[in-house]
Amino acid sequence: MEWYLMGMVAIIAGAMVWPLLAKRHAVWAGWLSAIAPIGIFCWLLTQTKNVANEVLPTWTAEWVPQMGISLDFRLDGPGLLLSMLITGIGALILIYGGGYLKGSPQAAPFFAFVQLFMLAMLGVASADHLLVLFIFWELTSLASYLLIGLSHSELAARKAALRALLVTGTGGLALLAGILILGSVGGTYSLAELQTKGDLIRSSPMYLGIFVLVILGAFTKSAQIPFHFWLPDAMAAPTPVSAYLHSATMVKAGVFLLAKFYPILGGVPIWHDTLTVIGGVTMLLGGILALAQTDLKKLLAYSTMSALGTLVMLLGIGTDLAVKAAMVFLVVHALYKAPLFMIAGVVDKATGTRNVTLLQGLGKRMPLLGIAAALAAFSMSGLPPFVGFIGKELLYEAEIHAGHYSLLITCLGFAANAINVTVALKVGISPFRNRGELPDINPKARKPSLLIGPLILALAGALIGLFPWLLGEGLINAAVRDIVSQPVDSDLKLWHGFSLLLVISAVTVVVGVVLYIFRDRVRAMVGLVLQKIPKKSSDIFDWGLARLIEGAGMSTRFFQHGNLRLYLVVVLICLSSLITASLVSTGFAGMPQSGPVRFVPVGISLLMVMAGIAAIRSRSTVMAVLAMGGIGYGVALLFALFGAPDLALTQVLVETLTLVLFALVMRQLPPIQAYSSTRRRATDLGIALTAGVALTIALLAVRGATIPDAERISAEMATRSLPEANGKNVVNVILVDFRALDTMGEICVLAIAAIGVAGLLLGSGRRNVQAELAIATPLFRTAVSWMTPLLIFMSIVLLFRGHNEPGGGFIGGLVAGAGLVLRRLASADRPPDAGRQPFLYMAAGIITALVSTLPAVFLQRTFMEGVWIGSLWLPIVGKTKFGTPFLFDIGVYLVVAGVCLLILTRLIRGETLKEATHH
Amino acid sequence: METILILLTGFLFTCGFYLMLRRNFTRLLIGILFISQAANLVILVVPGLGPGFSPIVPDGATRPLEGHPDPLPQALILTAIVIGFGVIAFAIVLLKKAYHGLKTDDLDRLKETDS
Amino acid sequence: MKNLWKRTLFRLPNLLRFLPIYLREMTVSNIRVAIDALRPVPAFVPGFVEVSLKGYDPIQRWEAACLISMTPGTLSLDLVDDSDILLVHALYLQDPEQTKNELETLVRQALGKPNYLPS
Amino acid sequence: MISVLTSIFLLIGGFFSLVAALGVFRFTDFYSRIHAATKASTFGLGFTGVAAALALGTTSAWVKMIAAIAFLFITLPIAAHLLGRSVRSREKDTKPHQD
Amino acid sequence: MIPDLILTLFEVMLFVSMALCIWRMAIGPSAADRMVAIDLLGLLVAVLMISHAIRTGDESVLDVVLIFAVIAFFGTVALARHLQRESDEPTDTQ
Amino acid sequence: MTEFPLYLCLLVPMGAAFLQILLLGRPRAQRVVAVAATGLLAAVGCALVAAVKTGGPVILDVGGWAAPVGIRLQADMLSALMVAITGIVGLCGAIHGLAEIPASDERRGYHPLYQFLLFGVCGSFLTNDLFNLYVWFEVMLLSSFVLLALGGGKAQIEGAVKYVVLNIVASLVFLLGAGLLYATLGTLNFADIALRISEGKGSATGIRLSAVFLLLAFAVKAGVFPLYAWLPSSYHTPRHTISAVFAGLLTKVGVYALIRTFGPTFATEQGFILPILWWISLLTMVIGVFGAASQFHTRKILSFHIISQIGYMTFGLALGTAGAFAAAIFYVIHHILVKTNLFFVASVIDRIGGGEDLKKTGGLYRNAPWLAILFLIPALSLGGIPPFSGFWAKLALVKEILNVNAWFAAGIALAVGILTLFSMTKIWAEAFWKDRPEDAAPMRPVSVSHVIPMVILAVGTVAISLFPAYLFELADIAARQLLTPVAP
């Protein structure tokens, strides 16, 4: 098995190497790339004995233990058979493809993707772990997508590739689901183990689900009705690809999968009925559709579909004989279909057309090709002594012994076989017959590499026909044995003697020939019938896809309408419903606990309500902004009233700064206009009220049961603040010590905001414009020249006292910032740009904050732990202890001051410059 | 007292929501400000209000007076206020810029970048 | 502005001497406003007067402006064209010339004679 | 004694605050409103501040309140100056402005 | 030590004052009027804080008052500036 | 000193931000710092993963105040993984930025903001404290606001308005949630919250209400249906570097917060929250992929995909089992790598293909076959094609879904997969396969800095694809540590 896997590695390595060569020397690339698959093929030949004797090559390695996935490979009968097709035909296709695509830009990707595909197929053929198998399975779809799209300039090719991908991809996902369920039911993903647990699976309630999902995977891959439509489209791929993927190997993967699952899922009526019916219908329909074609590749494609139907039907019948017939037919079909495809490609290349009604006389021009074509066609027609004859005999035998519907099945099979004969004649004989004028041949079509593949395969068909034991004892018996899970021992024979079968065979050929003779009339008739069919499955698929995309577009436009107001409405609705759901599910904890009502806050609340109503009702921008300021001051007052002086201070400062910001941009925003209709206003009010009421009830509910103070983490903070953190102002100690990390983030937020504001405003005016500031009156300047130093002084006092009394870095920084900005405002002679100064403040602040964390690190203490140096008595401030938390607070102070300075000066300057350029 | 202040915050929230749903930039901003004021107030009120003095250790004591208000929500609010200031400062300038770039302050006309 | 602090210190005694006058003026001013605010119809005769601050340096002008704003019925609005003429809004402007003189006297009382510094 | 004094100061402060607001509310033109706001409010805060300093009786309370009052003396006239000036410059430019 | 009645009386006076301010703010008519009103409102808030300090004896509130007295000026400056520059712009309409 | 790498994860971006502010106006130096700092962050992040793998969660009580009094930083495997991936994505973004970000943006503060963004993201991942998380969210959010609006294009500003407003509202809801939770439980530390809830402290109403507030806030940040609107409005508007880093990291911080909060912390609320999340996630998957299927603009397609994929991640959370958490964590890591990479590819498509409108671009397969490969790796991975990392992520998740016999959900998850693949093929077919239209905008040169990040991320994706066991192991550890929080 190692050789096999090393071969796979060689192939994937080749997929990376040979494309590089193929750009210039495609033929060489073809020959060289065939080495690896030929090597595997040879190794496979050595293994036939072992496999026949049930000594199966295996290999295993751990891969993803968490998912229960190991790289288990195991080459059983069907696997060996499929592997030989993949490598044998694959090698020839690579050689053929090198010749076919010489000089084409498609050559390089062809080699890359075909070898990727080959790897994937070898994986499918040999994987024992179902998920590993699935991985390779999906890779085949992917490779197929890329290969169908090789002629990607054409829309048709892109569409065909997409169809194939979507159909097989969807099937693949179904298969994955089936595998996962199967794995959980069977307790293992090992095919070998599962094959011994067939009874368990079949009796499981999940059986039907598994079955449906698995056959969905198989049917889409093997182009069974109604998923067949992607296959004829896939003929948009270059011929070597069609020959390999869409006739010999990939489409067989579905059949192969069914064969592998037969011991697990097979032998149940539903399996039998479904496969037989779908397979039979596909077989017949493929044949009939083939009759309507004139394009060589389309002809072959539909007949391939018919053959796939046959195979599925045989696995449905499920008798030993049917399975055997299936396995034989699998090989037979590959041996004639692949060469016919390749021949069709050469014909196309030689003459520039694939239309059978136009082609003739090629036999004289290309005799060797003609021989190969004839051999393959005879095999396809089921004439002795070709292997096709053996296949057909077995087919009929299986069909006749199919049980219940054997007569019907046989008739269906008869029809399909007869059509096969017709197709064979059309493809393999008709173009080569001489009916007068000989065509001109493109010399590019005369290359040994183009001929060797068809010849070898066609000859192999003849050879095996003559010596059927080549195939029988080793391969077929082993494959059938592993599918039906019991030893079989029957030889393949070319000659069964004169029997009913022979008669049927003969009649088949005769009917086929007759159909061929009247081919034009038949085609017209079938065409007429097909026209009557209103909707084909490809149409349904396209229609469905179009509706899906349309629906997707509609849903997207519905949800992503671009209206911010409605986005906010959605948020509010979600909020209200979540609150409602929570309250309904838990109920109220109790009536809200409320302390004694105090007169002042109640009054303030009433005034705030007044301001709020004013803000809503007024259409004056100034009014709205001032009302907002009023509310802010009210909140500050409430903070002060409930023992939060630090908060009140911060709130007052921030509120003022916000007011200043608004004042600076207000003029550049338009006056408030009444955009909304009255009705919409009413709706909005309703929504706002709903959300507001829900929120209020939620808050009251939470207030109904809060945790006692003593159990809060703050209790410990209050106790430890002075003794351990050397600060009397617990709030400040929390900010710079207990939760200094919050503050660290917070100063960053401020710095970011400042940089953002500066960035947004950068370049919003010309540089070096001298603008006289209307506000910088002499009186104001004089006043400010007093105030700035005072404010800075106060800010420093606030900073130093912060640890013990209201104040601290933030508050101090805000005051300092206000002072600095005032000074800028008052300077009449230049625009108030602070230049790099605020950035330096910010940087200095951040580095100070960072440095304050270092002593602890150097002293081997915890990150950001306070390190205290000693205490100092300062005027006004009093006795204060100094340590890293204080240093940290200085950092905060610097950042905040820098931020205020940057934001405000940039705003003022942007505005001023705009003014200056306006006039 | 808490109940009354919760009702007040509810009122502020409602005002804020309503203002936010208007189509003007200015009202949107003011709506956001209302909501953030209310949110700050909520954090102070819901855990319970103090009697009026602050959580500062008096001279000679080792911990704040008995019955002091919870200092932690105060610290949280302080952080939230400052962060809110940064955010609002940016938002104000952004909307100013938006008005200059898009030549409208009607939010309903901002539909170019969606699907 | 360099000598701001020095000059301020230099003038401190002057300022302290002036404080009582200032407080008196303010009290009167406030009572008048109070009366008018409580009256059914305020007895205003509003108007503007221009007070000359010629010879005073910027700080003194500022002091003068503050002083005038805090005196009864008058409010400093602006230095006209940023010069040394202070525009004052008065509430009880029966006689503009008299008001102007009163104000200029008040300023001189408070700030001393102008230095006639070159401006 | 101190409490009586405090009470009196407090009430005077309240009274002048009320006067300021009444003025702003009742006076008919902008200039008279700003007159009221500037003068009476200084007194309002001044008296109340002294009352607080008396009531608390600490040095720091006195320092803070005197500083606050001093600041008001500096800032309020300038604020009035700025507001009044801008209104006047508007009146010069345009006809009386309705907001 | 200060009679509760006096304090309450004081606070009522302040409330009335503040309500009047808000009223003026709401009715305008000019932006300058509204600004004067908010200016005064800020100051009244500070005054009310002082009474709280008297009630509780907690001096820390006085720091807020001090800063308030200083910083309110800053707001006025910006508002006045807005007013000044608004003169040549389209104005708010009621 | 085992916690050394832990706080280095914060010090590095913050120190870098400091340097970048100092160096404003000196772009060369800034660029060096940007790459060096992000590289260092990536290295430190990986070191942290290694440290956690060998020694268990790394815990640091900041300032020496033992949690829950102080803020605890905690690097369990989940956090460490997220930080490491943040470093890697940050490095890639920094390199891509070298080629893309114009000098004008650098003057506007791109470099410090970028570092601040990473700072916020790392902080969010490392903190074990609810309010501290709020602060980190804000750091991250505000820098993202600015980065989004940087450059000030019309579309950018418009997108930024929606992004900013909706995210501000979400932040306020978060703040409320944190406040209510503190009122109810008296603590902010995650582990302590879990402990107190399990001890039966706090009112059920309070706990539930704060839980739904947090749910709403994180759902907006994560971009979950129907709260994702800000994302497709804005993510396609800024510079590619910026949208790539956003696409990789930002929503995932929301997902991370959801996992952290509703995984172990609000254990008792799972019965209430997870069913909601269950349906929401399914809708997110579907509506998101519908959006992607209907668009014809590379970054819009990719943006809608983010939403769809978020649905998978939150569904992992909604399942509520350790295995599903592991799957969700795996999914997050995979998606960050892949999605960032796809945005980088979109950047190069924009340059070579002449725009982002798929109808007006093409011919890349012929013009830039290397780009085809670099696109296919993340695209196939996103589409869930085996054996790429996206397949493993979906496989793990679907397995968990099937474990609870949720057939419908499994069906949706798989069906959305095929639509994902469909919309990826749209980019492939239009931009790569289709011939270049005559009127396509001219090609612009591509520099090495455009390509290096794609290669780094593609190598990462391939590594996860071929050796998923390593990441699964880490995800398993992460899920287990997540569900057994270290007691405060």
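Just a few scattered comments:
Letters A, B, C, D, E and F mark the chains in the order given here, with residues in each chain numbered from 1 onward.
The criterion applied here is as follows: a residue touches a chain if its C-beta (ideal position, glycine included) is under 8 Å from a C-beta of that chain, and two chains touch if they have at least 3 such contacts.
Just so it is clear, the structure is predicted and the values come from calculations on it, not from any experiment.
Under the contact definition, chain B and chain F share the contacting chains A. Following the contact convention of this document, B, D is the list of chains adjacent to both chain A and chain E.
Fewest steps needed to get from chain E to chain F, stepping only to touching chains, is 2. A centroid comparison over C-alpha atoms places A as the chain most distant from chain D. The most central chain, judged by C-alpha centres against the centre of all protein C-alpha atoms, is F. Counting C-beta pairs in contact, the pair that comes out ahead of the other among A-B and D-E is A-B.
Chain A and chain D have CA centres that are 68 Å apart.
Centre-to-centre separation between chain A and chain C, using Cα means, comes to 79 Å.
The mean-CA centres of chain B and chain D are about 29 angstrom from one another, to the nearest whole unit. Distance between chain centres (mean CA atoms), chain C to chain E: 25 Å.
Among the residues of chain C, those touching two or more other chains are numbered 62, 65, 76, 78.
Among the residues of chain D, those in touch with two or more other chains are 15, 20, 22, 34, 71, 74-76, 78, 81-82, 85-86, 89, 99. For chain F, residues touching at least two other chains, in rising order: 131, 135, 138, 142, 145-146, 149, 152, 161-162, 165, 169, 180, 182-183, 229, 232-233, 291, 294-295. Of all possible chain pairings, those that touch are A-B, A-C, A-D, A-E, A-F, B-E, B-F, C-D, D-E. Note for the complex: chain A touches chain F at residues 62-67, 105, 131, 134-135, 138-139, 142, 145, 149, 152-153, 158, 161-162, 165-166, 169-170, 173-174, 176-177, 180-181, 184, 209, 548-549, 551-553, 555-557, 559-560, 562, 564, 567-568, 570-571, 574-575, 578-579, 581-583, 585-590, 698-699, 701-708, 711-714, 716-717, 720, 737-742, 744-746, 748-749, 751-753, 755-756, 758-760, 762-763, 836, 839-840, 842-843, 846-847, 850, 853, 856, 860-866. Here chain A touches chain D in the complex through residues 620, 622-623, 774-775, 777, 779-780, 783, 786-787, 790, going by the rule given at the top. Of all residues in chain B, those touching chain E in their complex are 51-54, 56. Those residues of chain D whose C-beta lies close enough to touch chain C in the complex are 15-16, 19-20, 22-23, 26-29, 31-32, 34-36, 38-40, 42-43, 73-74, 76-78, 80-81, 84-85, 88. Residues 1, 4, 58-59, 61-62, 65, 76, 78-79, 82 of chain C touch chain A in their complex.
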